[in-house]
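Chains here go by letter, A, B, C and D, matching the order in which they are written, and residues are numbered from 1 within each.
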Amino acid sequence: MRVGLLTGGGDCPGLNAVIRAVSKSLLLRCGAEVIGFEDGFLGLIEGRYRQLDYRAVSGILTRGGTILGTSNKANPFRYFARDGADVSDEVLHRYRDMELDAIVVIGGDGTMTIANGMQKKGMAIVGVPKTIDNDIVGTDRTFGFDTAVTVATEAIDRLHSTAQSHHRVMILETMGRYAGWIALHAGMASGSDVILLPEFPYDIDVVAEVCRKRGQGGQRFTIVAIAEGAKPEGGELAVKKVVVGSPDPIRLGGAGNVLAHALEQRLEGEVRTTILGHVQRGGTPTPFDRVLSTHFGSQAACVVEEGRSGVMVALHDGRMTEIPLTDVAGKVRNVKPNDPHVRAALSVGTSFGVREL
Amino acid sequence: MRVGLLTGGGDCPGLNAVIRAVSKSLLLRCGAEVIGFEDGFLGLIEGRYRQLDYRAVSGILTRGGTILGTSNKANPFRYFARDGADVSDEVLHRYRDMELDAIVVIGGDGTMTIANGMQKKGMAIVGVPKTIDNDIVGTDRTFGFDTAVTVATEAIDRLHSTAQSHHRVMILETMGRYAGWIALHAGMASGSDVILLPEFPYDIDVVAEVCRKRGQGGQRFTIVAIAEGAKPEGGELAVKKVVVGSPDPIRLGGAGNVLAHALEQRLEGEVRTTILGHVQRGGTPTPFDRVLSTHFGSQAACVVEEGRSGVMVALHDGRMTEIPLTDVAGKVRNVKPNDPHVRAALSVGTSFGVREL
Amino acid sequence: MRVGLLTGGGDCPGLNAVIRAVSKSLLLRCGAEVIGFEDGFLGLIEGRYRQLDYRAVSGILTRGGTILGTSNKANPFRYFARDGADVSDEVLHRYRDMELDAIVVIGGDGTMTIANGMQKKGMAIVGVPKTIDNDIVGTDRTFGFDTAVTVATEAIDRLHSTAQSHHRVMILETMGRYAGWIALHAGMASGSDVILLPEFPYDIDVVAEVCRKRGQGGQRFTIVAIAEGAKPEGGELAVKKVVVGSPDPIRLGGAGNVLAHALEQRLEGEVRTTILGHVQRGGTPTPFDRVLSTHFGSQAACVVEEGRSGVMVALHDGRMTEIPLTDVAGKVRNVKPNDPHVRAALSVGTSFGVREL
Amino acid sequence: MRVGLLTGGGDCPGLNAVIRAVSKSLLLRCGAEVIGFEDGFLGLIEGRYRQLDYRAVSGILTRGGTILGTSNKANPFRYFARDGADVSDEVLHRYRDMELDAIVVIGGDGTMTIANGMQKKGMAIVGVPKTIDNDIVGTDRTFGFDTAVTVATEAIDRLHSTAQSHHRVMILETMGRYAGWIALHAGMASGSDVILLPEFPYDIDVVAEVCRKRGQGGQRFTIVAIAEGAKPEGGELAVKKVVVGSPDPIRLGGAGNVLAHALEQRLEGEVRTTILGHVQRGGTPTPFDRVLSTHFGSQAACVVEEGRSGVMVALHDGRMTEIPLTDVAGKVRNVKPNDPHVRAALSVGTSFGVREL
């Protein structure tokens, strides 16, 4: 048996742990030969790959990044290096020439959409969901998410003492363009007073009111966790209004800065924003993510071994399962108002910046 | 509405997070008065308590320990300070005199057994499962466990480099007297080569063979994660044999030391043991545990508010639920051979120190 | 003996550790009464203070922030709440009315300048140097610096894996407006390839060359640590040129973004910036900073006890000493080309973005 | 120029950082060829070595352990594999055959003694001091020490919450057989109430009195940091008395356990001990240690380049310097009663377990 393996899309803690689990499982359970393609689908297009034997995947469990490299723009259906030409037939030929029995594709929504396309053309693909945003449909959790939440929470823990000492509003902008899971979890874990998500457009006056009321109650500081995709009610138009009104528009732009500026117009004290950025997606995975990655990788190997394909492995109700790639591609799993985390956060008095939820 | 609250048994990261969630939820949702009893059931017996208002539980989410204090030996049915007398009737009177509507009891197996007894006498009790060992029946996870696993994993990560540099066998003994969940998860998360649990009595020759084979394969070090309750096949007798044979029996005793001594008799190189002990149960909880604690506390408040009692809140398939206290008391949730974690660990080549599982 | 205590200026890890050491030392060694003023000089102006007894300062050693609060804009010589009026005489009266023997002032350059002014008016002041930037003259180290370096280094460690996986240039902007000590140390500690400081205006072509050469040598990524005050040769003018050329000027502004934009114009691959901001100045201090803070506080108490004033305690060649406040006020300790750290960084191949140093 | 490099003795965080700095400095500054010997002097004896080029030492700065391996028992003057024969002449021949200009030896007291012997026989040796214990004479600091202190302090931070919740005495045993620097610094950094060092034999009644007094003052817990080499007044005899009196002598032995047992005989509450062990010497070094290691390595390369030998590089008053190997061998730098750290700790009320110091 000969099996390919690649990692696509943005960096995510746990990638190497999945690579290790897929490879070791295939090597040990069915003596398969495992081929790692470099830089995502790019390696498959350009024929760059190497053997992954036991030694190659030893000691990588705890390392951030991916030993295979990755790429954001490698799409066989629109190859950027040839003016967007469709090279998927060439890729299929390479797959057949190399006598691969299957390819394990570790990636996010974009990668799964490509994987689905290649499966339809005749490749046997097993997907492993990857995103620090935790917003892939069909799986309760994605690896890398716990690490991102941990990094964001530790940052808010640090901001907390400054907020208290200076009697300030402190804002932390987390990743999460379409879904607010990181901000939701990090906000809960850090005891943030306000959590703002892309799913619930916020009312700036509600947020200002929370800050003011806390001051009246004797707590002269407020902590806000905001996802990068969170917007005020009124969307882009409302953002533009805030930005244009700024004396220093050059400093604005991100969700956190927009909010900071809008709050400073409504409050007396100082408002400060921190944007964590890529720090959330690099570095060693948390133990939780290492265990989860091992499960995903081990399950993907099992699916390959049993000859199934066209599916993505998934975590559902604490058990490993799989769902068709076609059910995953092009969708986002959003935070809903009745999500248990939202209800628990509301229960302890957290505001989501809206009148009602 | 007036609700009591106490924490019993050993320290556990997340206790304060639960106290905060229970209190804030009750204060905000139904304007209840919340009374915190000091040092577990001891405060209920001796009448030591204080009001938990919003300010009292602010800022405690991230702190280790319990602001209420706890006790290992406070049992109303056998009060140690009065020669083991049954003072449960007095406790019941105090409960009624104080006009409490319910008591939220945060504790482990022992505490739940007492809680069950007091419920039967007429108190309205809502339990919250607490143990770093993750071995309470009826709930998929307990808070504190993720933190304990994280501390243990970080320790093994550190031992890894020493093992590699010195070509040694390094053993880490984790907590877990009856159930091996911490060693299992920390072992997986750290890529330990051998994981030894109380549930699977190990064959010392199998363990020695793993070390030897790794050496032959060019990896001149081995990492072993062992739970404090793990024993060799043959149990106490086998342990005694090892200890008696030791030139320095005074240094032996714990599971890790027994193993180290037995391995040194069978291998050439050095074997070193680290016993983490209480470091695993103190300090700030991980973000995962803070979120989970908030769920447990918020759910307990909800159960109290709805007038139910005699139950323990629980996590099942990713959702909060509750189960009767009588189903919990006196039982332990063990690691089974077909547990998905065990299967995943086996899949990547981890040994459990047995010929077959 | 009655001694006042206040913390001024920005938040800094170790403030509470100094408060604890000053207070405990004075309480234990000479039974002094210690009075903590709230929010820096503001508390002295407005008469807001409280007693600091043994209990008040217990358990604060490890906590970030300052239990006394601080303020950036409290200046007795120009009181903002009274249109910038000079209220220093009133402050002096309060000091005498309260029968204070001395005031320990923990603060940075701005605070020391005020302290120096009040000393000249007749108050007995002992200063303790505070800044995460490590740029106060007369002391080899300031507390808080090691913590800031640690936070920045951990961030770069995380970015490293992403840079490697994506073959990118990753930039981390650290604090340091006038002096580049944080970027210098964090850059060295993380093995950054390029370190850019306010002291050495950089040549953008030199930086681009480093990135290109690394790519040719097979290492397709580059890590840059840049202080917020670092500027290209040509200063503001050069910055404006970069910003104006940008299609999205709104995203630009900080040192890291300016550099990223300039590099993207010169290189093929992607460039990403992370701005850590206030995360560097909050949270629990490192053990190093806790020990150093204890030294500073203990020494300040000793100086007070011995009746000296008008001085700032300082660390020089590993020993506690003191220097006149007049020698400190209004000066900055900069990184010099022949600093041993600069020479060691050059020695291992680090670039400072200049042709020669 | 051809230069050898080896690491001897116990694992220590920062070893790889020194290897990197020595190698990069020599490669870049004088185009030297760098040869790394495996497993300390063993590689020199047995002829096991490899080339250290730029690529070989890239990316190792942050890694624990040593890529060269180390050995505790490799002594050319008493080679264990040949019944303790003196093979130093053979080693000298190999050194000359390989046309080495110098060897950089990174190690502790034992390694420096061997290095001194080889220097006298005609090898050109430059030493780099290595020990987590910080007890090498002639240097103010050794790399690895800050990391060990950080690990120990984080452990005590975690124990703190348990001590408080359970009203217990908690003991942490740190490394430090002959010198107590780790316990001293970690004790100060964690606010331990009692610090016990090998240098100051403790009076058990003084320790018990501290615990009792704290209880009377309302603080019902005590934290003790004890070095593994700390002993009660009366030494081994006093230890034996304690151990023999124990109902479970098998659990005793280490300094922490002896103290715990002695305290339990004198106090009412519970006493718990944690022994950190090897966790203190592995894993990624702190940023402080990475910077210090870079200084040491860069300085060693400089000394080699300038043709000096028979010296150990050292840190003195914040500057790199060097001292003769003969001044180092066989000595230990101990904690003295008038050490500034001891005075500062006393100043804030810490007890060293003695009546007077």
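The criterion applied here is as follows: contacts are C-beta pairs under 8 Å (C-beta built on N, C-alpha and C of every residue); 3 or more make two chains touch, one makes a residue touch a chain.
All values reported here derive from a predicted model rather than from experimental measurement.
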Intersection of contact partners for chain A and chain C: none
For chain C and chain D, chains touching each: none
Whole-Å gap separating chain B and chain D, where each centre is the average of the chain's CA atoms: 33
Separation of chain B from chain C, taking each centre as the mean of its C-alpha atoms, in whole Å: 41
Multi-chain contact residues (two or more partners), chain A: 157, 160
Touch-based graph of the chains, sorted into line, ring, star, complete or other: ring
Chain pairs that touch, as defined at the top of this document: A-B, A-C, B-D, C-D
Chain A to chain B touching residues, read off their complex: 20-21, 24-25, 28-29, 55, 58-59, 61-62, 140, 146, 149-150, 153, 157, 160, 185-186, 188-191, 218-219, 284, 286-288, 290-291, 294-295, 297-299, 301-302, 317-320, 340-341, 343-345, 347-349
Footprint of chain C on chain A - complex, ascending: 7, 10-11, 15, 39, 63-66, 69-72, 151, 154-155, 157-167, 170, 243, 248-254, 272-279, 281-283
